[in-house]
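Starting off with a structure, shown below.
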Amino acid sequence: MADPMRIRAQMAGDKANVRVLMSHEMETGQRRDSAGKTIPAWFIQEVTATHNGKQVMRAEWGTPVSKNPFLQFFVKGAKAGDKIAVTWVDNKGEKRTDEATVS
Amino acid sequence: MRRISTIAGCLAATAIVAGCAAPGPAAPSLDQEARAIIQASFRDQGIAKVDRLQQDLGQSACSDDKAPSDEVAERVQAEALASVKWPAGGQYFGNWIEGERIAQSGRGMTWTDASADPKANGGNCYNCHQIDKKELSYGTIGPSLWNYGKNRGITDVTAETVAPIIQYTWVKLWNSKAYAACSNMPRFGHKNLLNEEQIRHIMSLLLDPRSPVNQ
Amino acid sequence: MKTNRREMLAQSATVMGLLATAGLLPQAAHAAWTKAAFEAKSVADAIKALGGNASTESKDITLTGPDIAENGAVVPVGCSTNLPGVKRMAIVVEKNPSVLAAVFDVSDAVDANFSTRVKMGQSSNVYAVAMMGDGRVLFSGKEIKVTLGGCGG
Amino acid sequence: MKHLMIAAAALAACGMAAAQTKSAAEGIAEYRKLLEDGNPAELFEAKGESLWKQKRGPKNASLEACDLGKGPGVVKGTFVELPRYFADVGKVMDLETRLVHCMSTLQGLDGAAIAKTRFGQGEMANVTALATWVATESRGMRFNLPQAHPQERRSYEVGKRAFFFRGGTHDFSCAACHAVDGQRIRLQDLPNLTKNPGDGVGFAAWPAYRVSNGEMWGMQLRLNDCYRQQRFPYPGFGSEVTIALGTYMGVNAKGAASIAPAIKR
């Protein structure tokens, strides 16, 4: 199972500044291992975020996103105590959701 | 002659500064103990065998936080100079495009490298030196080599007057210890890190008036 | 008053078609990963595959990133705009084997301001592309130089 | 006259080089600043903390009774005092070898097998995560390695000799690159490790997340890769040379504030 994400959601004015770190290889499918065999692509394809259960952001990613990805976005109208949840799905269908409380 | 010694002195001074400074007493028993610990701490891995810990005079003389005595340093330099192999047929030059490629590469001779053949090795030059100004990612352990030939007044590498600087540069690349016992520059020819042809390419990169380094 | 099921489906299809041409696809309609866009080899092809047309450079779009990256494996980049009516924002690296790195759907609940980190194989222009609700495609970009790394470089 | 001209030209060239260096250096500084916010080391830190508290191994025990030098279970402040002498084993240990010792004695895991495991794999990856978390708990604190025990002073002296030991195909020693202020390899600044190189520099920055390969590196792997680049043979995990070098660098760094885990190229 994938390791948990680290999500920080902090109020900045009337918005929540959300910063997310995800634990993922983001393998491009273009590298070879020491035996010369192509390492298959393995990467996050979709990231969604919800604010108190309502979807506020959806992104599609490709292999150029760096290993152990970082994502920052700003949620309008959030307030301290609100819940921000982030979900990623990779090309193998693996999925991970974590949640943070806005501070 | 005067010019050569000035240049050599400049490079040597850099090497000494980079080497060792602060004094410190050395207890012989601790020295021996430390050497035994070093030997016991490493193992063979790939092409990097433990025999790489067997020091020659130049290595052991420069393994302290203070410089060796003048006497020892002179012996190291004399041995290094005597070891230099001059290029076959007096042919000092190759192709600066190849030279730049070799200068860019920092690869070779680690335990993750498959072959110890010089052909698989880079010169590591940009790790320590500025060379072609177009390359922004260069190190500063050694002096800048930008305009190396131009600064030394070389407009024609076949001219009689520039022979000393050409020979000086060959020696520096072949065995840097010839001019500075504790130079931090690898002995590329002497330790078979680069072959004669590869060193010729580096010579062209540094000295040829048409090389991008001398524009 | 009474709309039969067949008519409703037909209507939805029309609406969907309109939305699609305007680049206004609702979430459910493109839940699948836009494979063609991520396989695109040029900036123009990537925009086309995302449903956009000819693009115009705009000062209102911002691509943030360093002038020089110490390592191409991790290059911090961001795309943002204060223009109203932006529907999607994309980050595109011109000289990567696959040019499109990421595309973000902008809802009313988030700023059109996203940051991430991308891999770059070599020095390249990097673009922030904004697909507007009115069908316009605006972009801006900058060159990010990738330097060689340490001893092994 | 001619000599003067050559000297002047050389000086001019150096001056221009310095100007260009500065702009490239500024660019790199900007790049590093952008990376600081959101260091993936946090992922390893979180993993390390849960590993510390989790009951694992044949003895189904957590590491909460592990003595990192300030008594069983004390984590805060230990990182800036390691390597140090441990009376229970009669020798100097660094953070990673001490963690393996605790995994072995408390949890019943095979310490020798862990020491042989490749970096980033299996239990070795867990050791790195644990070290990352332990370091985080001392963030901002200043290095102050103990030197009271004779073994600790001996470790320093051995480390110093190892630091200056030249060998390998390229005649490098640690000192070849790390004994002078203000030098670089390519664009990487080289800390002078013969003294306190400053807060969060050198010994005070590792464990660190390496962006070049997306890996978390502890000091053991940092030293291992230094020796690889030095063209030396392979230093064993937890070998006396690696611990002694840690003592040498750590004692020299006295007073430097730790920023570990850092983010590095």
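Think of it as A, B, C and D in the order they're written, each chain with its own count starting at 1.
We take it that a residue touches a chain if its C-beta (ideal position, glycine included) is under 8 Å from a C-beta of that chain, and two chains touch if they have at least 3 such contacts.
Model, not experiment: these values are computed from the prediction.
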For subunit B and subunit C, chains touching each: D
Greatest separation from subunit A - chain, by CA centre: B
Subunit C and subunit D: spacing of chain centres that average the CA atoms, whole Å: 40
Between subunit A and subunit D, centroid-to-centroid distance (C-alpha), Å: 30
Computed distance of Cα centres, subunit C from subunit A, in Å: 17
Residues of subunit D touching at least two other chains: 24, 185-187, 211, 214, 229
Two or more partner chains touched - positions in subunit A: 66-67, 70, 72
Subunit C, residues touching no fewer than two other chains: 68, 73-76, 117, 145, 147-153
Those chain pairs that satisfy the touch definition: A-C, A-D, B-C, B-D, C-D
Residue ranges of subunit D in contact with subunit C within the complex: 24, 27-28, 30-32, 34-35, 185-188, 211-214, 229, 265
Contact set on subunit D toward subunit A in their complex: 37-38, 40, 42-43, 46-47, 209, 211, 214
Subunit A contact footprint on subunit C (complex, rising order): 27, 33-34, 37-38, 73-76, 78, 93, 96-98, 100-105, 107-111, 113-120
Residue numbers on subunit B that touch subunit C, as the complex places them: 104-107, 124, 126-127, 135-137
Complex interface listing, subunit B residues touching subunit D: 2-3, 6, 17-22, 24, 27, 30-31, 33-35, 37-38, 40-45, 48-50, 52-55, 58-60, 62-65, 109-112, 116, 124, 126-128, 130, 133, 136-141, 144, 146-147, 150-153, 184, 186-187, 191, 193
